[in-house]
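Before I ask anything, here is the structure I am working with.
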Amino acid sequence: MDLATILGIVSAFGLVIIAIVMGGGVSLFIDVPSLFIVVGGTLGATMINYPLKDVLRAIAVMKNAFLTSGAGADEIVRQFVDFGGKARREGILALESDVKNVKDDFLGKGLQLSVDGLEPQAIETIMDTEVSFLRERHQLGAEIFSTMGTFSPALGMIGTLIGLVQMLQSMDDPNAIGPAMAVALLTTFYGSVIANLVCMPIAGKLRTRSKEETLVKEMIIQGVISLTKGENPRILEQKMLAFMAPKERKSNF
Amino acid sequence: MDLATILGIVSAFGLVIIAIVMGGGVSLFIDVPSLFIVVGGTLGATMINYPLKDVLRAIAVMKNAFLTSGAGADEIVRQFVDFGGKARREGILALESDVKNVKDDFLGKGLQLSVDGLEPQAIETIMDTEVSFLRERHQLGAEIFSTMGTFSPALGMIGTLIGLVQMLQSMDDPNAIGPAMAVALLTTFYGSVIANLVCMPIAGKLRTRSKEETLVKEMIIQGVISLTKGENPRILEQKMLAFMAPKERKSNF
Amino acid sequence: MDLATILGIVSAFGLVIIAIVMGGGVSLFIDVPSLFIVVGGTLGATMINYPLKDVLRAIAVMKNAFLTSGAGADEIVRQFVDFGGKARREGILALESDVKNVKDDFLGKGLQLSVDGLEPQAIETIMDTEVSFLRERHQLGAEIFSTMGTFSPALGMIGTLIGLVQMLQSMDDPNAIGPAMAVALLTTFYGSVIANLVCMPIAGKLRTRSKEETLVKEMIIQGVISLTKGENPRILEQKMLAFMAPKERKSNF
Amino acid sequence: MDLATILGIVSAFGLVIIAIVMGGGVSLFIDVPSLFIVVGGTLGATMINYPLKDVLRAIAVMKNAFLTSGAGADEIVRQFVDFGGKARREGILALESDVKNVKDDFLGKGLQLSVDGLEPQAIETIMDTEVSFLRERHQLGAEIFSTMGTFSPALGMIGTLIGLVQMLQSMDDPNAIGPAMAVALLTTFYGSVIANLVCMPIAGKLRTRSKEETLVKEMIIQGVISLTKGENPRILEQKMLAFMAPKERKSNF
Amino acid sequence: MDLATILGIVSAFGLVIIAIVMGGGVSLFIDVPSLFIVVGGTLGATMINYPLKDVLRAIAVMKNAFLTSGAGADEIVRQFVDFGGKARREGILALESDVKNVKDDFLGKGLQLSVDGLEPQAIETIMDTEVSFLRERHQLGAEIFSTMGTFSPALGMIGTLIGLVQMLQSMDDPNAIGPAMAVALLTTFYGSVIANLVCMPIAGKLRTRSKEETLVKEMIIQGVISLTKGENPRILEQKMLAFMAPKERKSNF
C-alpha cells in the first residue's frame, strides 16, 4: 500500500469535509445534477479525446497510485554480480540455465538475447525500444488523468454558466438569487476539487510509478550490456549502482 | 466506428442539454447572433492563422475522430517474417514479385527500395523523411483544432464584453439587466462548450490516430532495414514486436 | 493573395461589427483614448522588448500574411533531375553554366559550392547554417506578433483598472456608474480583439509561411548533397519527393 | 547562510504584515480553519502526487535554500593541476595515494576509476550517469515545491468557493455578508501567499543550488577525463576554467 | 543608446500617465503603501528565488537594455579573411604576433589555442563550453526579470486581497466602499504595470542582447576552426557569412 496516497486523500478530503460541516452542513454542497454534469461531462470529453481502451486502462491503472512497486533494485544488482562472475568463469552460455529461473520477464528476455549471441549494440536497441514503448504506455495513463484535470474545471465553469444564465433570466424573487447562485457555483467547486484533489495528484503519482519502473529496467539494460561485453563484475556493479541514490547503494564486494 | 467518440459526445452533450432543459427550457440558451459571433469569429481567426487548404483539410479530417484505424500490426509482422525467410533462402531479389501484391503503399515502397539494392542507411533516410512529413501533416490537423479551442473562448469573451458594454450604457430599466447579462454570458458559454467539448477533445483524438499510424510505419521501417541487412527472421520479428504492447505480441515461431 | 487571410478578417471583424451595430450603434464602442492606451502601450512594450529594426521589419513582414508564397517545389525537383542526369553524363563541372541561369539564389549558391568541389559534408554545414538563421529571422517576425498578442490584453486590463479606479473614487452619481464601467471595459475589449483577431492569427500565418519556405530550402539542400555525391537521378528524386505530401508528388520518370 | 533568502523573507513578509497591521489589525487575517484547509489540503494533494519519502525529503531539503553551498571550484582546479603534473611525471598510478586524501567523494571516486585503469569513455559514462541521477534527485525537491505552489492557490479557491456557497445560502442578514465574504477570501489570500512568497521562490532557490553543485561535478568529470588521457596540465586547466565565469577564473600558471 | 527601449518607455508610460491625468489627476493613483507591498514583495520573492549576487547583477545588467551592442560582425569576418590568408602563406604560427593586437578577448583566446597547436576538435570543445556558460549567465539576467514579471502581478493580487478583506470587514459607511475598493485595486494596477511595461519587456530585450553577442561568438568559433584546419579563406568567409542576414553580408573577395 502506498501510505502517502491514503494519507493525502484522508487529509485533503477530511479538511474539505470538516470545513463544509462546520459551515452549516453537507447538504448545501450536494447537488446531484451538478455532480452529473461535471463528472459525466469530464468523462465524455475524455472519451472523445482518447480511445476507449486507453480510458478504461487508465481507470484500471488508477489502483497503481495506491500500491507501492516492489522493484528490488538491490536484488537485481546482486543477481547481475553473480551472473557476471559465472559468465567470466564458464562463459556466457552457462547462463542459459539461469534464464528460466529469473522472475523478472524483462531481465529474462535480456539474458536470453545475450545467451543467443546477439551483439551488445543489437541487444541495447531491442531493449531500449521496449522500454521506450513501455514508458509511453505508462505515461498515457498519467496523461489521461492530467487531461481530465483540465476538462473538469472547464465543465465546472460550463455548469456555473448554465446556472447563471438561468438565474439571470428570472430574477423576480430577490431571495432566490443567493441560493440559485450558490447552486451555480457548486459545479465550479466540484470541477476544482476533482481536478486538484483527484486527477492532477493521481497523474503525478502514476508518473512517479512509471519513472521507478523504468529506472529499474534501464539498470537491467546496463547490466545485460555489461554482461554481454564480458566486463569485470566490479565495473558492472559500479555502472548499475550509479542508477541508485548514494544512500541506497550496497556493494557486493 | 470509434465508439468512444460517439459515447463521449452523447454523454457530454446529453448531460449539458439535460441540465439546460431541467432548468427552464432550451430557448434561454439559443441566441443566433451570439452563436454566429463565436463560431464565425473562431473560424475567421483560424483562417487568418492557417492556409485555407489546411483549414478545409482539418475539417475534412475531423471524420477520422469517428473512425478506428485498421492498422493490422500483427499481419504486418507476419508478412515480414515470411519475406525474411524468403529473402534468406532465395535472396532479396526474390521479393520483387511480392512488391506488387503488398496492399500497404508505404510497405510496398520500402520493399521496392530494398529490392533496388539501396543501402539500409539510404532506405532509412528516405523512409524516415517520409514518416516525419506525414506526421507533420497529421499533427497539423490536430493543431488547427487546438488553435480553434483557444480562439473560441476568446471570442466568447469578446462577445460577452460587447454585451456588457451595451448593457452598461443603458441601465434605465433594472428588470432588463438580468436578461441582458444572461444573453451576454451566452457567448462565453458557447465558446467554452465549443472549446472543451468539441475542439480540444477532437484535437486529442486526431493526435492519437496520428500516433497509431506513425507507429505502424516505424515498425515497417524497422522491418525493411532488418530485411535489407539480411537479419535472421527471429531477430527481425523481435525488433518489430518491441513496438507493440506485450499483450498484443504474437510470435510466429 | 492569400484568400484565407482576407476571408478570415472579413468574417471575424464583420461578425463583431454586426453584433455591435445590432446592439445599439458603433459609437458606444469607439473611445479614442482607450484605443490609444491599448495600441500605443502594446507598441511601446514591444519596442522595449525588441530592437527597433526587428519591430519595423515585423510590421513590414505582416504583408506576407496576405500573400501566398510562390514556392514551386515541382519545378525544383524537375530541375534537379535534369542536373543529376547532366552531372552523371558530363561530370559535375558541366553544371557551371547552369549556376547563372538558376533563379533561386539559394539553389544557385548550393550548385556553386558543389561545382567548386566542396565535400558534401561541408556543403551541408554551410547550407544548413544559412537555413537555420533564415528560419530564426522568419520566426522572429512571428514571435514579435505573438508577444504583441500577450501585451495587448495586459494593456487592456491596465486600461480597465485605470477606468475602474477613477470610477470608484467618484461614485456620487449612480447613473454615471454604468457608462463609466462600459468605457473602462472598452480597453479590455480592444486588447482582446487585437490579440485574438489580429496579432495571434497573423503570428500563426507568418509561422506557416516560414515553414513552407524552409521546407523548399531543405529539399534543395537534399538535392545538392545528392547531386554532389553523384547519386542516381531516380534516387535523388525519391529523396526530394519525400519532403512533399504524397498527393503533390509527380515523378519525372 | 544564504543572506538573500533571509532578506527576501523578511522584506516580503514584513511588507505584507505592515500592510495588514496598518489596515486595521492582524486579527482580521487570522482564521484557523481557513489556514488548515489551505495548508492541509496542499500537503494532502502533494502526498497523493508524490511518494511519502520524497515529500519528507523535499521538506528536509528546504533548509538548503537557507544555506550557501561551499563548492570551492578554485580549489578543485588547483588540485587537478597538481594531479596532472604528478601523473605526467610519475604516471597515473602515482595518484593512488592521493585518492584517500581527497575530501570530495565524487572526485575521489573519479580518481579511483582512473587509477584502476578504465578507459576515459567508460569513466565518463559512469560519472555522467551518477551526475544525471543526482540532478534528477535534486530537481525532484524543487519540483515538489513547484507543485505545492500550484496546489495552494487551487485550494485557496476551493476554500473561497466553500465560503461563498455557505454565504449565498443564508443571506438573511445583509450586515453579515461583508464579513462572511472577507473570511471566504482569506483562503485565496493564504493560497496566494503560500504559493508566491514560499513555495515558488523556494523551488527556484533549490534549482539554483542544484545547478551550482552539478556544475562543480561536471568540472570534476572534465578534469578526470583530461587526467586519464594524460593531457597537458595547462590544457586540463583551460578546459576546467571554461566552466567558470571569466571573473572567477584564476590560472595556476 | 538603444532608441527602441527609450521610445517604448516614453510611449507606453506616457500614454498610461495621460490616461490617468485626463481621468481626474495623478493623486488617485499614488498610494505609497501599495507601491511598497508590490515592489518590495516582488524583490523579496525574487531574492528568495535567486542568489543575492545574481539579483544584483541582473539589476546592474538592466542597463544593457538601454545600450546597443557594438558587435561589428563585418569587421570580424574581414579580420579572419586576413588571418586565413596569412596562415596559408606563412603557417599558423605566423599569427602569434596578431594574438596580442586582437581587441576581442574571446577571439584572442581562440587564436592562441590555434597557435598553440591544439586540434580543431579540442578548440571547439573549449570555446563551445565557454560560450554555453556565457549564454547561461546572460540568460539568467533575463530569467530573473521574467520571474519578477510573474511575481509582481501575484503580489498585486495579494495586496488587493488584503484591501478587500479589510474593506469587507467594515462596510458601515457605503460611501467609503468605492474609494476603499479603488485603493485595493491599485496594487493590482501596479503589479500589472511593473510586469507588462517593465519586467517582461526588459527580459525580452536582454534575451535579444544575449543572442546578438552569442551569435558573434559562434561566428568566431567557426572562424577559428576553419583557420586551424587551414581552409581556403573563401570557404572560411562563406562559413562565417552564413551566420549573418543576407542583406548584411559583405564579401571581401
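Order as written gives the chain letters A, B, C, D and E; numbering starts at 1 within each chain.
We adopt the following convention: contacts are C-beta pairs under 8 Å (C-beta built on N, C-alpha and C of every residue); 3 or more make two chains touch, one makes a residue touch a chain.
As the structure is a prediction and not an experimental result, all values here were calculated from the model.
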- If you check the contacts of chain B and chain C, which chains show up for both? none
- Query: How many degrees of rotation bring the Cα atoms of chain C onto the matching Cα atoms of chain D, given to the nearest 5?
  - Reply: 145
- Across the interface between the identical copies chain A and chain B, with over half of residue numbers shared counting as same and under half as different, the residues used are different
- If you average the Cα atoms of chain D and of chain E to get two centres, how far apart are those centres in Å? 24
- Message: Counting only Cα atoms for the centres, state how far chain B is from chain E in Å.
- Response: 40
- Circular arrangement of chains, read from chain C onward through chain E: C, E, D, A, B
- Task: Spell out the part of chain A that touches chain B in their complex, as residue ranges.
- Result: 33, 36-37, 40-41, 43-52, 54-55, 105, 113, 118, 122, 125-126, 129-130, 133, 137, 147, 151, 154-155, 157-159, 161-171
- Item | Residues on chain D engaged by chain E in the complex (per definition of touch) | 2-5, 7-16, 18-20, 22-24, 28-29, 65, 68, 175, 178-179, 181-182, 185-186, 188-189, 192-193, 195-197, 200-202, 204-205, 208, 235, 238-239, 242-246
